[in-house]
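Each remark here refers to the structure printed beneath this line.
By letter and in written order, the chains are A, B, C and D; residue numbering begins at 1 in each of them.
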């Protein structure tokens, strides 16, 4: 958090600490709950460099509390294992050396059981700290950050579990009734009027540094589609030769398509050799099955979202347009749009005017990734409800597609 | 150009055609002039994938006129050589297959002499067309685009010649009196007032599609340094351990530094083994010599510019701020700032609101590169005078540094 | 086996089948026994492309019996799982498609438990077959091959388990009393007299195709060291700058040293940063500990063995010399040399004169690897006793070193 | 040369020096002659990492005389240019640092003209030395080595010129009457009788260290085909699906075919898209033309030679068999076989028993390459007549094919 934000925090009441402790417990349990249906072996593997083994997520989110809160604020806290800092530090250079991300799947130890013991140790220490005199406003603020961080990794857990099961030719199921996106909006366009709009947040409650500060932007008249692009609509793009037509793609996008022989969204299945047949099936959390034609298309890269929009004669919305769109619909009953999926925007991930990164130790949380990534907005079925904010900025590289990414069209 | 723009063009007068023909001749001669001091062998090599051999530039800019103007508009134009389209098409998928960019240095043929004959053939045909009844407004507009394209490659020629000579341990000189940046501004900050500002252009004369349309943006109070960062100032960053401190860098920037063992700007020389000595010398167009301490630092990547600004406690300007800054100084005598160097901005290269790419055949000129590149503004000593506009948007990838790139700081 | 060999086999007696069944059971149990001390997670990971997860070994050796024996010879054998052939075929093109070797660690399923069930299913079917009328001489011969194959993978299991535990910075132990090489020979040289010698085997019992046929070679006078090179002797090479002196290395070896910054045998530990300290510790099956100075050096590449021999003023033995050396010592009590370690020879792995690969389906077992590999001779502590033959030819690529490879010197 | 060899040399007579000087002049002129038909640009490029620019060959062979003879033996010899040692040292670690081989095409300087001046300077100094009192036996021996080295590079020049012209889609011609292989032998098999044979050389005149010493080998009965495999015979292999059948290939060979999409010998042309048509044309020194069906197939890798032999039911000869085969035919009139092409053998390149590398400074000439290469025997049309010996061992990596490599079959 910024120094200014830190200074404005008053001494915490018992109630506050109690509430946060309860939220912490709930969040910590939810992470374990998501892994309930995994076999021990599923916790270990890393089929792609950007996927982390589930046991790593469970260890890393635990290390976050140990490293940034317990080590500094909990009197006499005994570090659980001196070797874990190296393994569970993701990328915080200020917190010491870290294991190479793409090699997380090379580690069989610590075992799942050992990591669960680590979680237990840290959870108890956090409860003790939150209910002790050592619980300062800063501890509470960092605990809120830790909860947000835990929740962020819950969505990553689901992404990575899907990647782990989906990379396996046996296509095992995660559940019989899988988490799934819902899209209920009627067709049509939602209009944004030209003018000065306010974007971002100055929330006194928790928000990431990259959402701050609230600031003015000038937008021109625009419209955003009420509906997300569906699987069947996206399949038309494939049938029309979208993946063979370089004029629809950015230069880097076209190179990516060629180099990787991309023909359809990740997890779509094609029974004919070399993918020459029709795309009728897909892998989901419940295994391989018929493609859900009405559902929003997901697991597409920015390259594909951008090319699809161009093929339709539209464009992707900017992240500012998308935030206004979300703000306009947040008080409807039922809220429209539902949070079907994260939508790609045309905005590359950059600092807002007046951006200041969180203070150390969380300075590396967001700012250092503001290069060669695109913003996604809107949340998805896998995003914990109380983790999400309208000002929330998700971001990925333009070729990545193992997250639950989709398309909403825009026009001038 | 857009269809609307094309429609608005009236039939060209003789004077117009004559003027454009004269500008064309001048531009074509200037390209040859830049190569005057080269040996035949210098025209051929490609020391880095992004560098093109000078003879390729001479052929490619010629092909541009043949492909986009003469083939379509010059009656009975005889194509010079059927095999050249493959070799001299850079990346226009709509113009047929093209040779792989990184393999341009693998081709010894056509020879320089043959390419000069090709230029001569095309130049004569262009002169004939421009003075004939076949010279339509569209021909004139495309010729203007061709001239701009030729000029753009003149700067690339200088970049590539420097790369070719600089990659050679013999460090040959290009000239005794090299082209060089000048920086005469006094110290201080130039202020930009919060408010709605107009950015971009609707020029009826030539401008690239990526500069269009002129549109409103809201800017907050900001200031931009009158002076560019000098070599001696940048060397302080090195001495202070800037290249060893991960907190100053974006995540991708730090990876780049580590992977490539980056220690100083491109072309800086260090006489001690492994670069452990002081950086006192540099390679310039006149060979190896003492580092010009007062001159603006150049040949740095966006990663380095961004890290340097953070080290100083400032930031890079946005491209919008930079355009306003340029506009504020354009009518001063002498103009301040002089065009010392292209300055990196914090803006990733994106379409303006209401952006429409040029019509075919030039649709691929700019739009398809709007991904993972950063904008540079301001021009440099190598930019032809009548090529430059305040609204001009140059763009490179964040790790590239063989162009004449520098730093101007900004603050809120 | 060759057709001729197959034809010469008589109908098997009950005794024969019973004996082979007993050996099969013992071999199958030994594989499981080697995994006794593993955690479930240890069965799954693949820290280097050439290492296979232990659960893959357990599945692959089982598939070998199912694919090459049960499918063809066991009446009504029900294939355990249709999807396993893809996953557990290593590289037999004639047996259908196979999963990419370097991606074996990307698979969490089948689980260890499922693979154990697969083993049980196949073991029962093999027992039934061996005691049934369907048990032909060819079944027995293939079963012998399957046992040899299982044993070969037992050594691989130990190699891979060591690699898996050793790649982990926590350096977990496999056992408190690890398998270890023993070297008891007295110093001195063992002489080989110039003349015609017989090499290889025509054994009617099992031997691999690459050991056949027995044939004549002319050898010159030579001598082979009775002792293997020890850790302390090898450390002298390091101290003397062996890894910094290009004149000691083959061209490819020197490139490998530079590219990978090789400084010591695999698993040697150096506590100072960047490996600048002394090499005093090593990772073994019982975790990190003091370097055993008297023990034979192991986990070295052919490049290192070759450079070390040159540094000493000697050379590596040829594989023919080594086989004669082994033959000369096989009847001593105690046998000298003990099988301390596999020794690198100077021989590239090539077919013997008159070589014929096994008949289909085992034609791909050995012959297709006769390119760019070097032969190792002599066996090691990890080689099952009844798997080893004097004529046995082991082979690896010159840069590989996760096997138990060592050095015995030779001279003219 | 070995010390023993050096010691046995007597003081040179004037006649000897004069003869060698004449041979030196002839060899040096021949190198230039081969470049007569090149354009300046052809001297510069490097289309593949293993190809060197012709101007590099001209410089390197010159440096060889300067580095190994003139610097040490010519009184007051003035080094031509201090910067050339870095550029023209190929890989002699004992002669100081050298420029990276794969980056030779990145250098435009020194120019061809400058390199010709370098050649002139060194040639004059060599003539002076050879006719002066400083001309010792060692100078003569090193000069012989230098001549052999120059001749070796003449064949490389032809290989590289073909690669440079052939990599160019314009397919320029080198000459109207190209160097070409001739094959006049009648069909049939040439027999080798089982027994002890002598291989290699102890020549007192020049021979490379890798051909020494002459030694005994035991060979079994074998036969070698009198004819080389022709283009039309090889095309049958393609038509029969040879490139699609993994059972014909070594494991590494099959990976190479798949990874590089190999379908035919290098320089064969196929007019249909994706190489789906018939192979009817080829690129030769005189440009693209009809495939010469009767000529020996050339420009094939060891992988292809080995697979072809297997497809035919034969094998490649060993290098020992091939040397005996050559010895049996050397005194026939006309000699059979003519030296059509270099033939791949099944022998990996290893030291002969009793091998000793040349003394410093030429110790690095051959021995350090004895790893992962295969031997070719027999010479080709491009091998200078007085460079060739029956004991000559040529060697390349199994995937390389820009040399003039062909196939002669063998059987037991």
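Note that in this section contacts are C-beta pairs under 8 Å (C-beta built on N, C-alpha and C of every residue); 3 or more make two chains touch, one makes a residue touch a chain.
Computed from a predicted structure; not experimentally measured.
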Most distant chain from chain B by Cα centroid: C
Over-half contact-pair match to C-D, picked out of the listed pairs A-B, B-D or A-C: A-B
Distance between chain centroids, defined by C-alpha means - chain A, chain D (Å): 58
Chain A and chain B, separation of their C-alpha mean positions in angstrom: 37
Between chain A and chain C, centroid-to-centroid distance (C-alpha), Å: 46
Per-residue multi-chain contacts in chain A, two or more chains: none
Chain-to-chain touches, reported pairwise for every pair that qualifies: A-B, A-C, B-D, C-D
Complex interface listing, chain C residues touching chain D: 91, 93-94, 196, 215-220, 246-247, 249-254, 302-303, 306, 315, 318, 346-351, 353-354, 363-364, 367-372, 398, 412
Touching residues (chain side chain C, partner chain A) in the complex: 39-47, 55, 83, 86-87, 99, 103, 105-112, 164-165, 167-170, 172
